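Labels for the chains are A, B, C, D, E and F, by order of writing; each one numbers its residues from 1.
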Amino acid sequence: MEDITTKITDISVSIDMLWVLIAAAMVMFMQPGFAMVEAGFTRAKNTANILMKNFLDFSVGSLMFWVVGFSIMFGTDLGGFIGMPDLFFSGSYGNDVDYAILIFQTVFAATAATIVSGAVAERTEFKAYILASFFITAVIYPVSGHWVWGGGWLSELGFHDFAGSTVVHSVGGWLGLVGTAIIGPRLGKYNGKRKAIPGHSLTIGALGVFILWFGWFGFNPGSQLAASGLDNISAVASIFVTTNLSASAGTVTAMIISWIRYKRPSLGLSLNGALAGLVAITAGCDVVSPGGAVIIGIVAGITLIFGVEMLDTLKIDDPVGAVTVHGFSGAVGTILVGLLATEGGLFYGGGASMLGVQTLGVVAIAAWALSMGFILFRAIKSTVGLRVPRRVEEEGLDVYEHGETAYNNFS
Amino acid sequence: MKKIEAIIRKTKFDDVKEALGNVGIDFFSYWEVRGVGRSREERAFRGIVYDTSSIERIKLSIVVRDKNLKNTINAIMESARTGAIGDGKIFVVDIEESYRIRTGETGNESLYIKGEEE
Amino acid sequence: MEDITTKITDISVSIDMLWVLIAAAMVMFMQPGFAMVEAGFTRAKNTANILMKNFLDFSVGSLMFWVVGFSIMFGTDLGGFIGMPDLFFSGSYGNDVDYAILIFQTVFAATAATIVSGAVAERTEFKAYILASFFITAVIYPVSGHWVWGGGWLSELGFHDFAGSTVVHSVGGWLGLVGTAIIGPRLGKYNGKRKAIPGHSLTIGALGVFILWFGWFGFNPGSQLAASGLDNISAVASIFVTTNLSASAGTVTAMIISWIRYKRPSLGLSLNGALAGLVAITAGCDVVSPGGAVIIGIVAGITLIFGVEMLDTLKIDDPVGAVTVHGFSGAVGTILVGLLATEGGLFYGGGASMLGVQTLGVVAIAAWALSMGFILFRAIKSTVGLRVPRRVEEEGLDVYEHGETAYNNFS
Amino acid sequence: MEDITTKITDISVSIDMLWVLIAAAMVMFMQPGFAMVEAGFTRAKNTANILMKNFLDFSVGSLMFWVVGFSIMFGTDLGGFIGMPDLFFSGSYGNDVDYAILIFQTVFAATAATIVSGAVAERTEFKAYILASFFITAVIYPVSGHWVWGGGWLSELGFHDFAGSTVVHSVGGWLGLVGTAIIGPRLGKYNGKRKAIPGHSLTIGALGVFILWFGWFGFNPGSQLAASGLDNISAVASIFVTTNLSASAGTVTAMIISWIRYKRPSLGLSLNGALAGLVAITAGCDVVSPGGAVIIGIVAGITLIFGVEMLDTLKIDDPVGAVTVHGFSGAVGTILVGLLATEGGLFYGGGASMLGVQTLGVVAIAAWALSMGFILFRAIKSTVGLRVPRRVEEEGLDVYEHGETAYNNFS
Amino acid sequence: MKKIEAIIRKTKFDDVKEALGNVGIDFFSYWEVRGVGRSREERAFRGIVYDTSSIERIKLSIVVRDKNLKNTINAIMESARTGAIGDGKIFVVDIEESYRIRTGETGNESLYIKGEEE
Amino acid sequence: MKKIEAIIRKTKFDDVKEALGNVGIDFFSYWEVRGVGRSREERAFRGIVYDTSSIERIKLSIVVRDKNLKNTINAIMESARTGAIGDGKIFVVDIEESYRIRTGETGNESLYIKGEEE
């Protein structure tokens, strides 16, 4: 009897952790998604560079998060602000299977880091980027992550960010925003009038978005961290549905608005719309209804188009739309939880308190990411330097920074 | 010897190639170019509208002996025409000298294969 | 005791549904597979358009299937013909976890819809395509789907289409067939002689086929809808094997025949052969032996080559081979179940009755899809119009329909 | 009671086999990974050919391994050297679910075969390649596989190769080495000085590496062949972590060394570094600590750079680095298990015996693969011929061998 | 009639196009070329270093009536200049004949649209 | 000033580039073209056979001072030759004027860097 109960518990844990691990693999697969989106939406002469950055931030992120990042995020809480650092993941973190959680959280950390590369693409020194990546996965992301998922002060307040609209995506987006603002726009982007600098392959970009969409079925449902028992599996199933509906609504919305504003339905913006819908639903995918998910997707699609326009008006050059997709949509999606959560949301009679906490969390984490990003990028700028020389930018980072070109057709 | 440079529609390439073959023009080079012309369409990338008068076309470069000039031009004119705007252009340039790398032959000789033609 | 039994049941359900959800993600991932195949096999000037169509049909399909399609397919049976429509999935459908089934069925519906885009590629108005997509996922697909999987009249007769050779693929193929026939061939395709219009990137096309092959391991084995218990998991495993063998046999067969007929082994046709093998095994993957699967793959490979030739002789222009791969191979595969099912198949002494029912089902669903497709495309033609103007087709749909080009190399 | 225990066992088996099947799908997905790496790292004029080879070896491999390969590898042991051949998988192999193991092992066999195509790329006759593929999956790979995983003599000695650094990757690498040595370098590669022949698309190559990295989360953790029970799931989780860390360390190491030696961080070599790290950890992913995994990744990254240089010095032309990545790194990784295994490794006080066995296994299997490869490729050379004519190699295998080109932009 | 062949920086293309439009040059073709010049950088592929003096540039080919020659050259000179090495070159070639495929017009007539200009 | 247009095999490009460097030709442009020639091969796409006499080649465009013409041609002739059919052609065209965009220099001056050569 005893024995059977243990066995059953073991099996439940096995199922839960197996799901977490499979989801981790799917989230890891978002890395090529990001790489393809960022490569496709930028110019061919910088493709090797952007690919390299994507490989590097995942590798450095995986190493650093294991070395120290994980413990800062999930270690014993110190004053609600930070986890107890612990080198090389040597302690125990009280999960059924610590390593499963480590790998799952590692791929999340790498997601936050990789978002930045898109925003600062086509002009950032490779060395500078590695440094930024290093500090983001080792310190900046884990600290704010601790506030929400590691038992820190925001979790105490009841801030709800299920899979990381704010913790992961907005943090990446805000860091990208300071980064691109400090580095300045690409050459020729805002000479007098705004100039379009179209990406070199929408095929590759579209492939990336599809890959991300797929990976998100690990990102969101995997964050349930369990799959056994009717409650868990129903939750997971429902998260699949809300995630997919929000992405669909984001795509369709961005398409329609681009159609109205620019006279033609734009693939580029529809792709971003899909991503905006995915980012926005991430915070509340577990607590909103399918209908609520559609609303979140619609709002995200709208946010996307006007966010992109706004940044352009401010002459902030974000080549792949990372700031809007991850920063703005992540924030909007997190706040919408306060309205649309079926339990506690304002629209469902839950009053304004949840909305308040959600907003507070979004603002607090934005403040953290923006100020830390400011320090980080200023520091890099005044030490190793942030931006490649004019000639390198004009003729392509690939040749000068890597001595390689992505496309070779003359041999 | 003259060089004929023709800019034609991509969709007409097969027809032109066949027409050239029919008048005995078996050797030429071609590549993709973009033609700027009157037919403007607006494009937009991420919300920024940019003009796109550029359409993909194919450029042929054919060096012929003087006696083949007329034929060749006529062949292209007929096979590349649709009558709608954008059919393209043909330009003629003088060639001072020509060499066949394989044999070192020069002049007219370098432009046809001996034994196959008078 | 009681308690333990419940727990065990819950765990079984968890495993089953977890598998269904993972399979759903894999089937969703077939969308980039289709997108890459269709983009790779068509010309660069229409790439943004075909990518956009693939995003749109998945998004619109996801929304419409939730809004009404699912209920038409799986709602309470009305006269064997249709399920009781129910808006926004508000009812209950008697599954352990309704949402898991919803998402699984959604991605299947989107598969049927996306097949059409390939057949009508490179010349169809974007608006027209959205409309078609809308009605396919909202009505046409759910109704015939109901006949087989929703408790309708074909299921009563014992028609066996395990994962949708006919229900999903043939329906898509037949709709594509009427679509392309009504729209007419691409400009220049049949001027006097048949002209080859090669696709712009076989690399992208091959990637797409590989992705589809992978996704099929969700499509077919996932259709078991269960994985717990020796029976279920053995069935799932066996479906993996039959699916893979049929695809392999289809590839090799198409390669050999293309080698014989056209003097060289063709990559393009071998890729299509793989897909033909996958489509054909889908109906019977659970009831044929591995040897049977190889035979199905071989027949599919043969069907593929001659199907492509036949359509070309009839001057029906199917740029990516969607009609042959999905329509013909799906039909052939479904009928072969009547011969090769180890229980009930003619070759295994089961008599001709199963063969009869299989054929009836194939014909009935073909009739439905063809006639509904005819009405749909004629209606669209005489309202918003089906085909882009000559100049747009010549210079590319991307610039005129979307104001974007997929490949940009001049900035 | 009885009943419940059976049920629990059944559920455990279901979980184990479900994991094996999902992992099999992920490993199958490594095929497009290989295809994209090989296509991206070679020239555009040979792309259709290399894609075709990748499709063909997977299809032929799947068929042959079912026809006879599996039984040679896992059939009743005959003298420690070979399993009892058995046509069409008609016997029983004593697994809970034989078909699950069949498909899992099939995709592993196909991995070994596909490695070869990269090493002999851009100059090998298509017919010759099919023949090679055929014998590799039907005989060469299964025999040495039997020694280690099928109960043969190396397994008796305690040789540890968990997921196939040696059994799969090195075998593929060594076969590639003899292949490329016998065929000779590509035209123009070593005329006087060594010439760089850059691949035509690093984007496609990078995508391939990312896909492989993802697939490796099926390859290594799936080789646990179980997931239920705390022991199993913990093992699986730990393998996720070691696999990921080694790959990350391999990437970073290759990048740093390339930076030092060639003055710039090279994307091409970093990508290969990632693969080297993945291959090297495969043997010991279950028995080394995360720190050990990082060391293995570092050594693999170093091996990679110097291996590539060494082959170039020897004028052995391996276009995509297959020999170094799979052959050398696989061997090194397997031997390192003797040092770094937390139980039995020399560095952990386990003495030198494990190191000895590991080295013996590596050498024995290298000897087998090299000598069988020698016979195979010599035999092919003197019958159907190995190498395409000069003109075909110069103008591209695509046109002459397949009558197709991968990229078509003139219609 | 003269053909102007200009090799310019990719990043200057939009400016040049606009400048050409301003002097009434609405028709031309362009394509990507690689320019070998002094600005060498080392590249390496898989450890083998190879020189890469080749930078992507855009080549314009513009056939103009003689009276437009000066304008056009000036427009390019001004809009394509950055002052740093690598700004490119302009070459002028004589064109013996020109045809508009659509109408069959030849010579100067084929180079402008009647009614729009004197 | 003359323009040398050479069409060569892709596989010979590195050799030609080196040979040009050896005779002091450091500046030129090149791009990919397809050459239609005698060497026909059948291609098929999805069962429809189409002829493919088109092989990828590289086209060089080199503008040189008259005194460098012979050298340059010889350098290409020797380095690009394999002796097998398809080695390609060299054509010479007269250049009326040349401009260096950066400095505005014209004529021969625009074709070499002062101080480096007499």
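Here, contacts are C-beta pairs under 8 Å (C-beta built on N, C-alpha and C of every residue); 3 or more make two chains touch, one makes a residue touch a chain.
Predicted model, so just to flag it, every value in this text is computed and none were measured.
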item: Mutual neighbours - chains that touch chain C and chain F alike; value: A, B, D, E
item: Pair of chains joined by more contacts [C-beta pairs], E-F or A-F; value: E-F
item: Self-contact between copies chain C and chain D, residue sets same or different by half; value: different
item: Candidate from A-F, B-D or A-E with the same interface as B-C, over half of contact pairs in common; value: A-E
item: Distance between the centres, which are taken as Cα means, of chain E and chain C, whole angstrom; value: 49
item: Centre distance in Å when chain D and chain E are each reduced to the mean of their C-alpha atoms; value: 50
item: Where chain D and chain F are represented by their mean Cα positions, the distance between them in whole Å; value: 43
item: Residues within chain E bordering two or more other chains; value: 10-11, 14, 30-32, 34, 42-45, 49, 54, 84, 93-94
item: Shared-contact residues (touching 2 or more other chains) in chain C; value: 4, 8, 11, 15, 22, 195, 197-199, 201, 207, 262-264, 266, 268, 403-405, 408-411
item: Of chain D, residues touching chain F in the complex; value: 45, 187-188, 195, 391, 394-396, 399-400, 403-405, 408, 410
item: Chain D to chain B touching residues, read off their complex; value: 409-411
item: Residues of chain C touching chain D in the complex; value: 4-5, 8, 11-12, 15, 19, 22, 26, 43-44, 197-203, 206-207, 209-211, 213-214, 217-218, 221, 227-230, 232-234, 236-238, 240-241, 244-245, 247-249, 251-252, 255, 262-268, 270-271, 274, 290-291, 294
item: In the complex with chain F, residue positions of chain E that touch it; value: 2, 5-8, 31-38, 53-54, 57, 59, 73, 76-77, 80-94
item: Sites on chain B touched by chain C in the complex; value: 9-11, 14, 34, 39, 41-45, 49, 52, 54-56, 84
